[in-house]
Structure formats: structure tokens, C-alpha cells
Amino acid sequence: MKKIISLLTDFGTFYPAIMKGVIFKINPDVEIIDITHSVNRIKEGAFLLRSCINYFPDGTIFVVVVDPGVGSRRNILIVDGKIDNSPKILIGPDNGILSLAIAEMDSYKVYQAFNKKYFLKDVSRSFHGRDIFAPIAAHISKGVSIDEIGKTCSKFEKLDIFLKINSREIIGEVLYIDDFGDIITSIPNNLINDIKTVEFNDRKINIYDTYSDVKKGDLLVLKGSHGRVELAMNAGNAAKFLGIDIEDKVTLKVINAYS
Amino acid sequence: MKKIISLLTDFGTFYPAIMKGVIFKINPDVEIIDITHSVNRIKEGAFLLRSCINYFPDGTIFVVVVDPGVGSRRNILIVDGKIDNSPKILIGPDNGILSLAIAEMDSYKVYQAFNKKYFLKDVSRSFHGRDIFAPIAAHISKGVSIDEIGKTCSKFEKLDIFLKINSREIIGEVLYIDDFGDIITSIPNNLINDIKTVEFNDRKINIYDTYSDVKKGDLLVLKGSHGRVELAMNAGNAAKFLGIDIEDKVTLKVINAYS
Amino acid sequence: MKKIISLLTDFGTFYPAIMKGVIFKINPDVEIIDITHSVNRIKEGAFLLRSCINYFPDGTIFVVVVDPGVGSRRNILIVDGKIDNSPKILIGPDNGILSLAIAEMDSYKVYQAFNKKYFLKDVSRSFHGRDIFAPIAAHISKGVSIDEIGKTCSKFEKLDIFLKINSREIIGEVLYIDDFGDIITSIPNNLINDIKTVEFNDRKINIYDTYSDVKKGDLLVLKGSHGRVELAMNAGNAAKFLGIDIEDKVTLKVINAYS
């Protein structure tokens, strides 16, 4: 069975194709899946990785490169872990981008990549996706032991997801805005169980199951498919309408609960 | 030979990757092709499906999810049919998105998916692409019989393509605007056989074979590669220039014919 | 081992998928890689091809369609060559788009495609990507000899990369602006060896190794991963900030060199 290498970067167009060339040159017998190449922030990328990782097959290798510190002294991490008993491998810079997925793992080992034998010969200072991350992933997919490529390390950068719950309100942050303009917050779905109406940033909004439960152009709050509370507009762009951006804080107050 | 699953959605970035993870988890031995994830309207998606379906190999499974009614009571359809003697399978919501391709089929059977055994265990209310459509496609690609997943049904939503022909003029509608800004209408190419010049929405435009037959920045009408009349601008964006949008009506009057 | 067909076009969304359908219909046992479908200019596409070609495996077939002259009398070229001892095949219109990659080849043979047996039956005048380029690539990937599809030709369109070096300054041109807004020039990296500071279009800018060597929002000049000098902004879009576009001329004056 073919190994899967999936790519999550902020590279936009073109550069991901070079990574694919590099990978296929080392291991022609691999399946490559683009997760997204349009990430804007490290935390956003970290959340998207965490949000999709469970849906990929055992043994999938995730190459995650949102790396404003490329070419500086930041480490390159390889994580060998298990989520829900499914082995997954993560490769990325040590800037927190892997940390939200690691936090979900039942068990894991973190390595720092150091063995230049598994990098490209000429390593640029500005495109490690091509010169380091892609070749490491390809070599691992071919069966090279991670012990051979890196050495275990105990410390790595961690990101916090903001979430504050008190008796009057829940304060979360925006983790992702999807291409529909739906606002995905850090607030877990189960916190709005049995609730009918909330104030979302002081705006009264009803909670519904799905978009078409409200009229076109109306806002709704729903239990989102990421497992987190979402604010959306039926047939419209909620984020643009409300002027809300990634990492903005959002406040949820319960107005009305089912008794 | 690998089965092909092709994806046509309005999901933008990220969400299609989760569908791919789900598919490969169920059937690692499948080829996935992205058709587009940037559809804006149901009719546009229906037209694009119809426009590309003949170019795909026998047995291709099309997963078509432009689904503003996700999570409501709308049915989920599986179509097992033949176009030009080539078997094709379509999976999508019952909102008309499959209907323009079905209309081209020589023979077909329509099913409603109901067997939850072939969905993911937890079905969200807002992401059936991941929870229902992708797993159904993967199971069919592995050989599960459609009879096992759905039951035949006789009624389904149909879309109409607008086209009105009279002695003075042809009135059609815009079905697609491509990334060049070319305007693809509902008017079949053969209706402009032997014609030199038309009035397109009261603007006199000559008919040519291809873009470079006119100067840069000039408009032309041509027999398009979708089999429908197109309005284009050489090295420019006709739709932006004319302010024309999808589903707008367009009028074509013959000014001048080859005798 | 599967042959790789890689696609570099200006087709945006949707149309590339039809090319993939056509390819898989002819040869199901091929790997397709999208390089980019967002090219704006012929020279830009030619540069991107040249910039990535070395990173792809032996035998990769590049289908390169930025083709404003589609349907006119321009020829269709097939190039069978070697770069750094690695065989590569290029297919594209004779408008210069292949010429920058050809210029890097140790040896090559250029053919004009003429044998309609290897095109689709109905060839449109506006979508040769689907009707000619994709089927030719698929047939070659299946082992059809290029001699069978085309005849050798000695003349083809060539593009020049602008670069003028004198004692006071280097004048180059912008070959690509990537999705970060980094400005990739035609000036080879080795021309800024041992230099600390330059005037870039009369603006004094320091040369650094990588983005994070400067503060967020600051400009830097660096030796780029394309092998050419780049102008970038840490965590910002240099091209937008400076109002610089593809094919603009840029001037570099040495202000300060390491002694």
C-alpha cells in the first residue's frame, strides 16, 4: 500500500509543485495530497492540521510548512505519534505549528532533524520546503528510520488556544475563516448544548443545526464540523459582514436555553 | 485499473483535502481528480459537470457537492448511467446539480442513499461532503453495489437551461464565466453556423474562430470548446469589461450571414 | 515505474481537470502533477518551467500551455532533451514558452507535432490543451515514439531574459512575483556575492540571508531559491509595497561590499 504524504503550507501556487517533484524523485511510489497552501498564520495552520489529521489513513506523513523563520536557527521537528490508535508522522519547523496536533496524541516521540544526508545537497536559506522538509518526508515514506534522520528532543514550541469560561460568558478566539466566510471559533461544540440563543459579540443570534434553517443573508450560530462553534451566514460571508479576522477574540453569552 | 473519483464542489481550499483523507482511508487504491472547488451557483456546477463528463474514463465516479441545503431534508442521490456508451456514476444532493449531466445520459438509474453503514459514524449537519458523499464514493469505488447503499427513486430535481429562439433573435443565459473572463452562454454552437456578425446585447460583434483573430482588447464571439457560443476578449476579461454575471440573460441577433 | 506528466498553464480552475480526464482515458497508469495554472505571461511561464525542471524525476513530461495564439498557425512543439543528464520531455506551443528550459539543456531534439492520429478526434480552435497537448502527452507517456507524432524542426521561438551589467550597475527584469509578493529578478545570485548593501531602484536595501534577518515590514535583498536575486519584505508583500510588476526593469547598484 502506498504511503501518503500530505502538504499543508503557505506557499500558494508553484512552490508546492517543486516539493512534489523532489518527493517523487526520491520515492516514486507515494501518494501526495494537498491539504491547503493558503494558510495565513501559524496558529491557523496548527488548527487546520489538528482539524483534519484524524480523517487521514494510518501512517500518513504530514509536511507542514508555515515557516516565517526559515533559514534562521529554529529547529526542524519530526513527530512520530498516535492519535486514536492511528500512527501519524508530522514534519515541520519548531514554531508551534505542530503543537495543536501533538496535544491530541495519545503517545508521541519528537525528533530534531539533523542528518544532512537526507536533505538536498544544496540547502538554500529561504526554501526549506524543497530542500529539507520534502526530502525528509520522501525518505521516511521509503522506510528510512526517523532515528537515522533526527535525534529525540524533549522541548518544542507550543501554541495556546484561547478559551475562557465564566458564569456570565465564554470568551474564545477565531481559529479559522473558511472560504465561505464561516467563522470557526475555539469554543467546543458541547458548550452550546441545550442553548437556543446567544449574544455573539453583543449581537443576538439563534443557534441552529444548519445553514438553511435561516433565511438567506441571516446569521446563525451552529455546532461546526471542526468540533467547534461556528458563526455563519446562510448564502453569505459572515466574516466579511462582521469584519472579523483570524485570532480575533469572540464573546458568547447565553441568552436563552432549552429547559 | 484504478477507479477515478473526481470532485466538483464549492468548498474552496482545505475541506476537499479532508474528503480525500476519508476516501483513501476506505480505498487506498483510487485516483482522485479535483475538477474545481470554486463553483458559485448550483446551475454553474451542473453545467461544468455536464461539460467535462465525456472527457473522463469509463467508470469515473463524480462527487458533486454544491449543497446550500446540507443538513436539511433534501435527498442524496446516486446515479448509475451511461453517456455515449461510457458508464459514469454521479453522487450529489438532490438540488438539480446532477440533472444537466443526467439529461445527456442514454440510460440511467437514480438511487437515494439511505444506508448509514456506508456513511461515517458521526454525521455532522454541515459537512456531508466529508461524512456522507466521500465515504459513499469510496465504498462504490471498492465495489460495493449501489443497491446496497441506496434505493431506486423516480423523482429528482431538474434544472432548466434557458434558451429561446425566434426569427429575430436568440435569448440564452450565461452558464459559466471562466478564469479568463470568457462568457459561456447556453446557445449551442451550431446556431451560429454561417454567421459573420451578431448583435450581442445590442453590441455589434464579429464571429471569429479564435482569440488571436482580433486585436488585443477586442471582443469576439466564437464557437466555444464547451459546445456553446462564447463571448471573449483577446488578452482581456470580457465578463468584467461588460459587467456580465452567471445566469444573466444574453441576446444574440444575426446582423450579417455568409451567403 | 509510473511516468509523470506535469501541467503548467494559465487555465485557472476547471479546464486542467478536463486535460486530466483526457490523459487518464488514454493512459490510466500515469502520475499527474499540477505545477501552476495561474501564469500571467509567456515569459513568466517559461521562467517557472526552467526554475522547476531540475527538481522533477527523469522522464517527466511537461505540458506547458500559455498559448494566446491557440487556434492560429503557430506550431506545436515537442522537445526531447537532457538537463544535467536527466531526460525530460516538453510539450507546448511555439511561442517561446519552452525556450528558457531548452537553453539549459545539454542536448535536445525539437519536433513539430503533426500526426492527428494522436490528437482528439474533434479539435476545437480554442482549447488545444484538451484536444492536442494532453493527448500527445498521454500517448508519449504510454511509449509512443515522438518520431511517430512529430517531425524534427530546426527553428523555434526564443525568449531573451534581460540582463545588462556595467561597472556602475546591473539592470535586470522581474521574472516572477510569487504569492508572498517576493520579486524574483533575472539577476544571478553570484553577482551579489560579497556585497552588503545595494540600491534597488534607488532605494538603499541591505542584503541578508533570509527573511527573519530583518524586522517585520522591512525590505531585504537575498540570494533567492530560484538561483536569482530576490527582493522581499519580511512578513509582507514587497511587490505590492513597491508597485512592481512582472517584466518591469530593475536596477541594482553596489553601495557597500565586504572587503
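We just call them A, B and C in the order they show up, numbering each chain from 1.
The rule is short, and it goes like this: a contact is a pair of C-beta atoms (placed from the backbone, for glycine too) under 8 Å apart; a residue touches a chain by one contact, two chains touch by 3 or more.
Keep in mind that this is a model prediction, so the values were computed, not measured.
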Copies chain C and chain B - interface residue numbers shared by over half, same or different: different
Relative orientation of copies chain A and chain C, as a Cα rotation angle in degrees, nearest 5: 120
Distance between the centres, which are taken as Cα means, of chain C and chain B, whole angstrom: 31
Of all residues in chain A, the ones touching two or more other chains: none
Touching residues on chain A, where the partner in the complex is chain B: 1-2, 4, 6, 31, 33-38, 48, 52, 55-57, 60, 178-180, 209-213, 222-225, 230, 234-235
In the complex, chain B residues that touch chain A: 10-15, 17-18, 20-22, 24-25, 28-29, 68-72, 124-127, 130-131
